[in-house]
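These notes concern the structure reproduced below.
Naming follows writing order (A, B, C, D and E), and every chain is counted from residue 1.
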Amino acid sequence: MASLLEVSNLSKSFGGVHAVQSVGFKVDAGIVYSVIGPNGAGKTTLFNLITGVYTPDAGSIRLNGEPIEGKPPTMLARRGVARTFQNLQVCMNMSALENVMVGAHLHLDRNPLKAALRFPSIRRGDQSIAERAAELMDFVGLGKFVNAHADSLSYGMLKRLEIARALALKPRLIFLDEPAAGLNPKETEGVAELIREVSNSGVTVVLVEHDMKMVMKLSDRILVMDYGKALTEGTAEEVRNNPQVIAAYLGAQA
Amino acid sequence: MKNSSYAGLLIIAAILALLPFVLPNSFYLDLAIRMGINAIIVLGLNLLIGFAGQISLGHAGFVGLGAFASAVLPHHFGWPTFGAMLGGAMFTGILAALVARPIFKLKGHYLAMATLGLGIIVNIVLRNESEYTGGPDGMPVMALDVLGFEISGDDQWYWVVAILLCISIWASLNLINSPFGRGLRALHGSEVAARVAGVNVERYKIVIFVMSAMFASVMGSITAHHVGFITPSVADFPHSIELLTMVVVGGVASVYGSVVGAVLLTALPQALANFEGWEIVAYGVILVTCMIFVPKGVVPTMNAKFKKEH
Amino acid sequence: MLATFVQFIFSGLTVGAIYALVALGFTLIYNASGVINFAQGEFVMLGGMLAVFFTHAGLPMPAAIALAIAVPAVIGVLVEKFTIEPVKGAETITLIIITLGVSLVIRGLVQVTLGKGTHTIPAFSGDAPIMVAGAALTPQSLWVLGGTAIVVLVLWYFFARTLAGKAMLATSYNRIASQLVGINTNWVLLMSFALASALGALGGILVTPITLTSFDVGIMLGLKGFVAAVLGGLGSGPGAVIGGLLVGLIESTAAGYLSSAYKDAIPFVLILFILFFMPRGLLGSKVTDRV
Amino acid sequence: AENKEPIKVGSILSVTGAAAYLGTPELNTLQMYVDDLNKSGGVLGRPLQLIHYDDASDASKANGFAKRLIEDDKVDFIVGGTTTGSTMSMVPLVEKAGVPFMSLAGAVVVVEPVKKWVFKASTTDRIAAERVFIDMRKRGISKIALLSETSGFGQSGKKQSEEVAGKYGITFVIKETYGPKDTDMSPQLTKIKNNKDVQAVFVFGFGQGPAIVTKNCRQLGLDLPLYHAHGIGSEEFINLAGPAAEGAYALAPALMIGDTLAADDPQKAVVAGYAKAYRERFKEDVSMFGGQAYDNFFIVIEAIKRVGGTDKAKVRDAIESTKGFIGTGGEINMTPDDHMGLSVDSLRMLVVKNGKWVEAK
Amino acid sequence: MTASIHAPEALLRVRDMVSAYGRIKALKGIALEINRGETVALIGANGAGKTTFLRTLSGVQPMAAGTVAFDGEDISRLRADQRVARGICQCPEGRMVFGPLSIEDNIRLGAYTRKDAEIGDDIEKVYAMFPILKQKRHLPAGSLSGGQQQMLAMGRALMGRPKLLLLDEPSMGLAPLLVEEIFNVIRTLKSQGMTILLVEQNAFGALGVADRAYVLETGHVTLSGSGAELAENPDVRAAYLGM
């Protein structure tokens, strides 16, 4: 049986910069898969390619065996792909709760005419999503801020809000771009636990993170990128002891 | 009048029901009708600008299309007036849908420029095709006939517009608090976040653009029938700006703000009518002062104040 | 036929240079604040009307011109200080409405004080046209073209080569970060309005012998200037010039070869077409927002 | 007891916006004569009250203000509607309410077909076109270029010109248009210049456009006779067009050449009186539009005097029976079929000679 | 327990600082002092008010009450750019690079208030610290990866030759090697005598380099002491170090 996500030969360049060069890897369902590498290695670009924010120059991406390269993000969301952003993308014109509710957009009846005429089914659907969104906010530790406006949250809170929004999609596959950036070690532990729970609930997690403690603890497999290329791939143990990885990325401490 | 609450609607409905009994003469009734018509156009425009965050500087073009459909089709082609109104709305909707895709590739001022251009093109066509439209001097419009019932006179028009206004407010409130409306607001906040969450950004923009264009077209038709005479200035750039100003003064992304903005700015020129040459200056000063002291618009600012006190 | 074509080109270049000058004013303020100053056209009008006023008041031409540039610059500063600065960080449309309100005030005041008549000033180097390939070019057109060329060079140098220029750009990209590197952003905004107003006024003076002037010429010039600035790509000086010349050329050739009735619509159709393929105008900067 | 109620004069003029050029002298004139009449004891012993609204050259505003004049201010008659659009948007209201209405607009549609309450004792674009064509025939011109403005004034003028051209044996070899705010008409004029059949150019527009056309003509070396319609025969045109104005023809009522009018000209007294009063009061030159306001206003005042009251229906009838009224625009004779009352020769053909308007021979 | 020494050599002295977003007070009376040459860390949970404090110090966020004295001068009323001119430079949260400007222009703008001849040398120093920036110096800053932008923001702040350097989470989003590098830079700067106020989520690192530290909780300073002291404090360990 094919892996949940299969990427092969993926490439993207901007002007002269080869941000991603013939990268290939497979992610099996249910695991936590991490992508690490120095700054500018192409990790975020990889996420952008897979989630349809950028169109690849070459290569293929398969989700459950079906090609998805070049498909718009909306389409991927329909297939259960969710993500968070390294450079926050929060809707500052809405409340925190509404931001999370947007994550559940696809699970609702979105017909504008029915909405304008206040069909009861729409109201009911909305009601239940609001409740679920509140639960999710609680889950990521923002329970106190359900009624807050998004623009009144601090950086770290917004990072978590994005996780809640991604989870609201009920994803099969979730991409987290540096979820622990801006969190202190204690808070990072909280997020790690959260990811563990998400993973346990059957969601496949792809993670970009510079916090090695967290990566090593959570990951089933790790892809190391450098200069847009895949440097190596393997289990936490294998990667940790790879001299190339140590030289390029981890340094002596790890 | 909290933005999302329906209480404001009840208040407005009550005011609308009482108004005709306190207005001294039909000039005021006429003014009230104009306010109502503008309010409905602005409600639609605010959905586009305030909620979806897409600037339009050419909305008067759509008002003009509706108005002239109602004037030209019955006059030159023997269409029934009601049919002309619907036909105008359909045509406007289709036109809006056709141009929406290329236009909404653009953002910010580029979008503003494109919508401005669209409005200007419509206006130029209306001015130049004087065979049909009467050119800049305009043309008379027949009375509206809805399935054998003729609507004419300020009394009848008042009630028609009042009911339409209440329905429009109600529908707008419903819409913005629905999943569709949330999708719109989300794409305003962050397009990429909305996309990734599954909001079909292109489609939403097109739908709301078409909807607000059709709103404008129908109200253009009603203006034409109510006034009985129409000129291409309904479709010109200053009118687009006037509509935009109503949105902003009332409150961007505020349903009740649309109504308040329309009422204030429809009344303002009448209030300034005796300023003898200083009207433009006064109008400008009022606009600027208003934007400086209530940059978020009248209604949202009052809301904030109200909340503070409680 | 060549003569006819050249005539259309001359005509288009002259009108286009006027649009370009207005567009450069838009560019300047946009580069400092991200604001589209819809009152820019009124400064063009002010330049022309004040030049007329001061010459009629008996001042020698050079003094009249100097004053007709200085007064609008001061007005520009006042506009920034009292209408733009108090609403820092407001939404784009709020700013659009404010600048539109300012344009009404300026136009209204000029109408009340200087009247509604149409006026002109004598061309700087006479009216005798220069004949090139059978087509006529007025000397004043050369003044306009030359003025535009100088202004665009100065602006290009300022933004591309000087730290003050970069500081102005930085202010529009991120006001907070600009303050954090020590830029007095209020001052930058003030200067940008002063410069843009002076620039607009200069344009107004140069074109008055060709276009004539009255209290309401600013509306159309402002609109066309905005179109030119957007077409060229907002924020780009050379873009503003190319945009302006292009709009002028499309208009004149459309009037000449297609239909004079639709000559105002044709540029818009073409511009929509161009924007469809180049959504940031001809020379607009690339989007660099990352997620 | 005598009725001391003021007579309410309503007016809606375009004092700002595109037609401000026309509306301002119109309003000045009305204000001046309302003041003057009040100083000399009013009309029928009743004071006059002028209630004016500026429609900013926007016809839909005119409609709203007309309602206000009729319903709220309850005026006795209305002067105004500077533009045809404004006038036409008010017509249904005055017809319904039954208020005597004197339009100052130029287009012939205002009085054709005849509308019961609507009058317009000022020249029309049709008369202008006919007057120009008569002059052209006289000079042996038959093939011309028509350059019309895209404003309401220009478009209506174009239409009327086309309608009456046949009658005078005039054919249009080429028709071009320009926008009222255009700054350069050389492309259109280049096309005209390239057409060798053209014997003269007829420009239908007002404001700055005709001045720019005139300048562009000379710059391009286009030496054909240049005719302008009514509405530009003022000092301002010569100032704006400069030396290029020399030899240009334009139509104007007697008012514009008041100083050079023959002593036995029937209009001499009226024209001189109006011009003197206006110049003294406003320190600016007269325009034919102010003169039209004078004519239309006094036709109603005369009618009210004849009726001895302000009963609207009676005043209307009296206006309709105006005969031999000498105004600044000519002699006016109204009939039930003619609510304008001017003849073709009410407009004079002027030409610029040595920087001055003189009557063309 | 306040460990602040009321010594005359205090470079920065903040008293009763209050700052609010609308009606919500984010800082509720902060008192804090930094001596010349000291490195002080500020730690606290998300939303504690760390960023707000730095922004208020720099003058880009209005101060509702309190005083700020810097180098013996009351600067409470000064504009942000005047504070920069006096030597308070900040590397802000979220990096805030000037996206469309080139990397080199970004760095140059960091020296906007300077007029001296050594600007060119300092640019080279920044490039030496972060070689990737030199490689890409003609590209728009907005195209950099998150971590690269972080380096740029740091370099830009250093170009102001700060007397007091404010760092808001400088290690955020950086690869482990670079995090070490950043802390090395901080140590170097410290050894050169620069005064630094460091906000960090990487509390281990922060407390490691800091001479003293303050703990911020919902707008109040709740603890302060030497870096080592706080790193040993059981409450701090539980709340911020996750032990």
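In this section, a contact is a pair of C-beta atoms (placed from the backbone, for glycine too) under 8 Å apart; a residue touches a chain by one contact, two chains touch by 3 or more.
The UniProt protein names, listed by chain, are A, E = ABC transporter ATP-binding protein; B, C = Branched-chain amino acid ABC transporter permease.
Predicted model only: the values in this text are computed from it and were never measured.
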Label of the chain whose CA centroid is most distant from the centroid of subunit A: D
Which chain's C-alpha centroid is most distant from that of subunit B? E
Per the centroid of Cα atoms for each chain, what is the distance between subunit D and subunit E, given in Å? 74
Between subunit C and subunit E, what is the separation of their C-alpha centroids in Å? 42
Just curious, how far off is subunit D from subunit B if you go by their C-alpha centres, in Å? 36
Centre-of-Cα separation between subunit E and subunit B, whole angstrom: 50
Shared interface positions of subunit D, touching two or more other chains: 16, 150
Where in subunit B do residues touch two or more of the other chains? 128, 192, 277, 279-280
Out of subunit E, which residues touch more than one other chain, so two or more? 143, 145-146
What residues of subunit B sit close enough to touch subunit C in their complex? 49, 55, 99, 102-103, 105-110, 112-114, 116-118, 120-121, 124-125, 128, 192, 237, 241, 244-245, 247-249, 252, 277-288, 291-292, 295
Would you mind writing out the residues of subunit D in touch with subunit C in their complex? 16-18, 20-21, 24, 150, 176-179, 181, 183-184, 186-188, 190-191, 194, 207-208, 211-212, 215, 218-221, 236, 239-240, 242-244
Hey, which residues of subunit A end up touching subunit E in the complex? 14-15, 17, 37-41, 44, 86-88, 152-157, 160, 178, 181-189, 210, 212, 248-251, 253-254
Touch list for subunit C against partner subunit E, complex: 163, 166-167, 169-170, 173-174, 176-186, 285-286, 288-290
Touching residues on subunit E, where the partner in the complex is subunit A: 21, 24, 43, 45-48, 51, 93-94, 132, 139, 143-148, 150-151, 169, 172-180, 201-204, 238-242
